[in-house]
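See the structures that follow.
Common to both upcoming complexes is chain A, partnered first by chain B, then by chain C.
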Partner chain A sequence: MTALSRTRYFLDFAVSSLLRRRWRTLSLILVYSCIVALLGSVLLFGTALRREAATQLSTGPDIVVQSMIMGRHDMLRAADLDALRGLRGLRRGEARLWGYLYDSSAAANYTLMANADTAPGEALVGEGVARARKLEPGKLLFLVSPAGKFLKVRVKSVIAPKSALISSDLVLLNEADLRAFFSVAPDLYTDLALFVANPREVATIAQKGAIRLPGRRFVTREDLTRSYESLFSWREGLVLVILAGAVIAFAIFAFDKASGLSSEERREIGILKAVGWDTSHIIAQKLIEGGLVSGTSFLIGFILAYAHVFLFRAVLFEPVLTGWSTLYPRFRLTQEIDGLQVTSLALLTILPYVAAILVPVWRTASADPDEVMR
Partner chain B sequence: MIELCAVTKTYNAGRPNEVVALGATDLTISDKALTVFAGPSGSGKTTLITIVGCLARPTSGRVVLNGEAVSGLPQRFLTEVRRRTFGFVFQRFNLVRGISAIENVMLPAYPIGTPHARLKTRAMELLSSFGMAHRAHFNVEILSGGEVQRVAIARALVNDPEVIIADEPTASLDGERVAHFLAIAADLKARGKTVIVTSHDPRVTGAATVDRLVTLADGRPADATP
Partner chain C sequence: MIAHPPVLALVLASTLSALVMVPTFVFALRLLARWDPSSGNEEQLKLEKTTYLVSTLVAFVAVVELASLAAFAFNADRMAVLFVGAMCAVGTLNASSYGFPTLVAKIAVFFAAFVWLVLDRTDNKGRDYPFILQKYWGILLLALLVVLDAALQLAYFLDLKASTITSCCGKLFGDAGLGAGAELAGIEPRLALVLLFGGLAITIALSFGTARSRLMGRLLGLASPAMFAIAIAGVISVISVHVYEQPHHHCPFCLLKREYGFFGFLLYIPLFAATGSGMAAGLLSALPARQSLSDVLPPLLGRLSILTISGFALFGGLSLWKIMASRLTLM
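For the complex of A and B:
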């Protein structure tokens, strides 16, 4: 009961102390919240992107087979697929034809892909392509190949935004149209997509395939997921490095605000000690004060980060984190929070602040009251 | 009883700005009496009462409180002694600004953890006894000098200490307020408290209620009336 009453008194005094310095408290909370919001946005966005990519990849092939010549990606033949057909555990395999096209009119790169369901003269376009070229179903899309060949197709539909992360720059064409556009021989394909019955056998099948087709590269879905993760982690790291300046500025600001005890605060600590407060009582009260500031700031900052990422699609970081051409995909991320990530963010932001408070308060509070008040 | 045995206090010892604020001082302060330390500014009055009240440690010598040497106690125990034994009325009253009079009075009891209702009642009783009940919930910045003084005295009494120490409590107060303070001091003494006051105000040093006057000069007691 005594301890409870004491804690309540310290809490009351901490609140009144913050209110007494309301402008200082508000400015601190404002800057602190902004930093948490920025860092939180990067972390939330990075995680959501990785999860999104993994979800998208989960519907793709288990293994992609590519032909490599002198370490470079080359076209392969349909016969390669026939060589793999007898592999035990292989459920299905298909040869895919796709390539990249730089569209100078939109200053954007497109991924052009053959699609069995697309009729000659038609195209399905990704959301980014539709945006860049102001396309909608029924409109005509004109493309010019690097060799100067001209392709005119009518847009059948725009690919659903739920898969925009990967399909934003995609143009699905009839196979014959695509071959004619890029002048690709009928027997040549970009890669092979293999689907495996038992996911646990993917690595084994990839190994066996590599024996049958030496010189071909077998990329598993796990490899792709890892590549995406590396890509997003790299980008996330890039943003964090850029933000490091802001974080350091905040650390200096917080240290100055939290630790630089004013003469008024020193005097107050002296009074409290003189009237019977112990060093531990003063530290407890200041910890509560710091906890209230950092907790409130963290909560506000995290809510801002959540809104920024999931409601406003991370407008501040979108160009860095999602773009791989000028066609930045527009999509709504799955709203999900990783407890470990929240805890890490809390520890990274709250602990340094509380530590910044603790040291000078301890130094002041452990001196004799007379010395502090002088 | 408080005893000072060869107590000295030197500030900034060993530095160019070293100041010997209190020379070797032996002094005994009786219980349940009103003792006044008098002397001009810089004579060591405030230093002496900060040592008596355990707000500062002597550079050398011992402070003995009711037979127990307290000056060498670790900080934590010294705070406990201070809280249990002393109530302070500081020279500029040293109230915490931005909070109300009653909250200021309650402050010394926070670490004890007295239940809120009981503590509030006690603080209100003290403020009422000094005619301050109607100003209890006013922030201290808007109180007059005399009101601030009374709040400071109420704060000094909230933990029911044995010894009340007041440093220049009548500085810048008018005659009526000085008389009021002396009446309060006499009342406290009558209630069995030990009251120690520093003052260079003749209205205090010459008051009939003073039991003992210790005059300081150059950091030493020059003379003392029994």
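For the complex of A and C:
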């Protein structure tokens, strides 16, 4: 008998043996799939979020310059941008004016930003703002500043939802409107956005800029990407650690299922031994059974996780993994499966299961035929 | 520590492996002291019964360790975005002083596990436990390696901090740098190629003789790890530059990246498989001949040498193809 056909017979026998104990197998697969689905959702959602953040950041400025006073954020002057012009390799620099506004009527924070393309009396609003204030193009938006100033603007359009992760809470206004609303002097800006021609020169340009403008903080896009990556990884890891309890409970469940032998099973093993199977054959056959259960459950669990994350927007984990806000963006996650995540998921779920059944399987297999048939 | 999911998965895998190997180690000591196949007393029967469990457990650990080497390398590459200065796996491994020692320990565990699995399979074919003592000496060694690997890996992941400033592969494998990486990168391309293809020719020739001559088999056992070292040196000094088409980029890890079509996996998987099977064939040829295995051993050695030949040939062929197809001309 060749190795291939022997494996086929083993598989055949394992399938029929699992089917003979239909209910036990089904309950095991049910619990196992749930564990895979739970952990898989965390991993898939985390990967998709990280990808989304990286895509959004890739369109932003290469370097952001902020002024600091006594360790706190301060406004910059227009002259600061002039000091940086002429830095070799710097393609473009712009001074940005933006700030936050707490809107008590919607109990939400907006980001108000000056935009060169917005005419006086007009505004472009993000998807979250439109949702909170029930706005649509043509409607009026009323804002009250902390000092009690009043601003009335007409909504020109709602910003396309494809950039919702960043633009959800955004209100774009004309610069003069914004300055008047917050009473900001004409040459003050919130920060500078610098665009660099060659991405490899970003660090050097930030260093040179810091020499020209001491006391200012230069944040590169790489710094931001790294922070987001750490933040999402950390949150993902935290949820997984919490779920470790569930995995341990599942391993105990699997151990228990594999240890308890029905009298029929004992008889089966006794017969197999009597017809010439030895311990290693029975171990192999039982491990193939475990492999089939694992494979089926992993597949079902992974499909469930995929559906949970991409069809139902990960309703179970969203608040923990994304963070919370009234204007939380409604964005579409990019569907993506990553080999390393699948491997991690397999290690995190299949490994505890197999480790839990090894000893019971051996104990079953090494029993003496007369002992088990008695 | 960075609680990144693949990190958690790797720590779980190595901790479970180490936990399994500790009682196995104790059992191996007992078996080596008490094993007496001529006796039929209860203790001997118990030992014989438990060998099935130990075989299964160690096989489980071995398979887990084989998978975790690939996951470790891939994860190191993926984590490079977290560290200032890192551009590929080298930066991540360099971010802690435990990084490279962990990788070396993982590679050692890989080969030890590979050889042990072959030895276990061979021993199970004989009815009279032909290599039982050798197998349990092997378990002692493997257990130490697995525990060392788990400890190093844990220390490495605990030591990693997102704020670490590390250096990229250009520094470690640069022509002008100091240290082993830079030395390897500086090898004359012609010399590296002569060593690489000469070594491959000798190793493949030895593999052809393994099934017939025990001496050739033993020599193959020595030649395979040497060939592994030469191959890695060849990758650093000459193959990598042809893949990147950049005369100063010598990194053996950037090959694993998507940008280069995961060419590294294509190159390293046959290399690791061939080295492992060559070492296993060497060990089987060096062990004393056993009557109970006289029918089993020759075909097994034949299969191992086929794996060795095809692995090394694939490695050589792929390298040659990359060098010929590259737009970079060094010689």
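The definition used in the following text is that the second predicted complex is superposed on the first by the 347 of 374 C-alpha atoms of A that agree within 3 Å, B and C clash if a C-alpha of one lies under 4 Å from a C-alpha of the other, contacts with A are read in each partner's own complex, and residues count from 1 in each chain.
In this section, contacts are C-beta pairs under 8 Å (C-beta built on N, C-alpha and C of every residue); 3 or more make two chains touch, one makes a residue touch a chain.
Given the structure is predicted, the values throughout are model-derived calculations rather than measurements.
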| item | value |
| --- | --- |
| First, second, both or neither for A:A176, with chain B first and chain C second | neither |
| First (chain B), second (chain C), both or neither touched by A:S366 | both |
| First (chain B), second (chain C), both or neither touched by A:A79 | neither |
| Touching partner for A:T279 - first (chain B), second (chain C), both, neither | both |
| Chain B versus chain C as contact partner of A:F10, first or second or both or neither | first |
| Chain B versus chain C as contact partner of A:V315, first or second or both or neither | neither |
| Partner chain in contact with A:T2 - chain B first, chain C second, else both or neither | first |
| Touched partner set for A:E268, first chain B, second chain C, both or neither | first |
| Partner chain(s) touched by A:R20 [first = chain B, second = chain C, both, neither] | first |
| Shared chain A surface residues [contacts with chain B and with chain C] | 279-280, 366 |
| Chain B residues touching chain A - in the complex, by the definition given at the top | 50, 55-57, 75-76, 79-80, 82-83, 88, 90, 94-99, 103, 106-108, 110-116, 155, 159 |
| Residues of chain C that touch chain A when the two form their complex | 2-10, 12-13, 16, 20, 49, 52-53, 55-57, 60, 64, 67-68, 70-71, 74-75, 78, 81-84, 124, 162 |
| Contact set on chain A toward chain B in their complex | 1-6, 8-10, 13, 16, 19-20, 264, 267-268, 270-281, 366, 368-371, 373 |
| Complex contacts: residues of chain A adjacent to chain C | 42-43, 46, 222, 225-226, 229-230, 233-234, 236-238, 240-241, 279-280, 283, 287, 339-341, 343-345, 347-348, 351-352, 354-355, 358-359, 361-362, 365-366 |
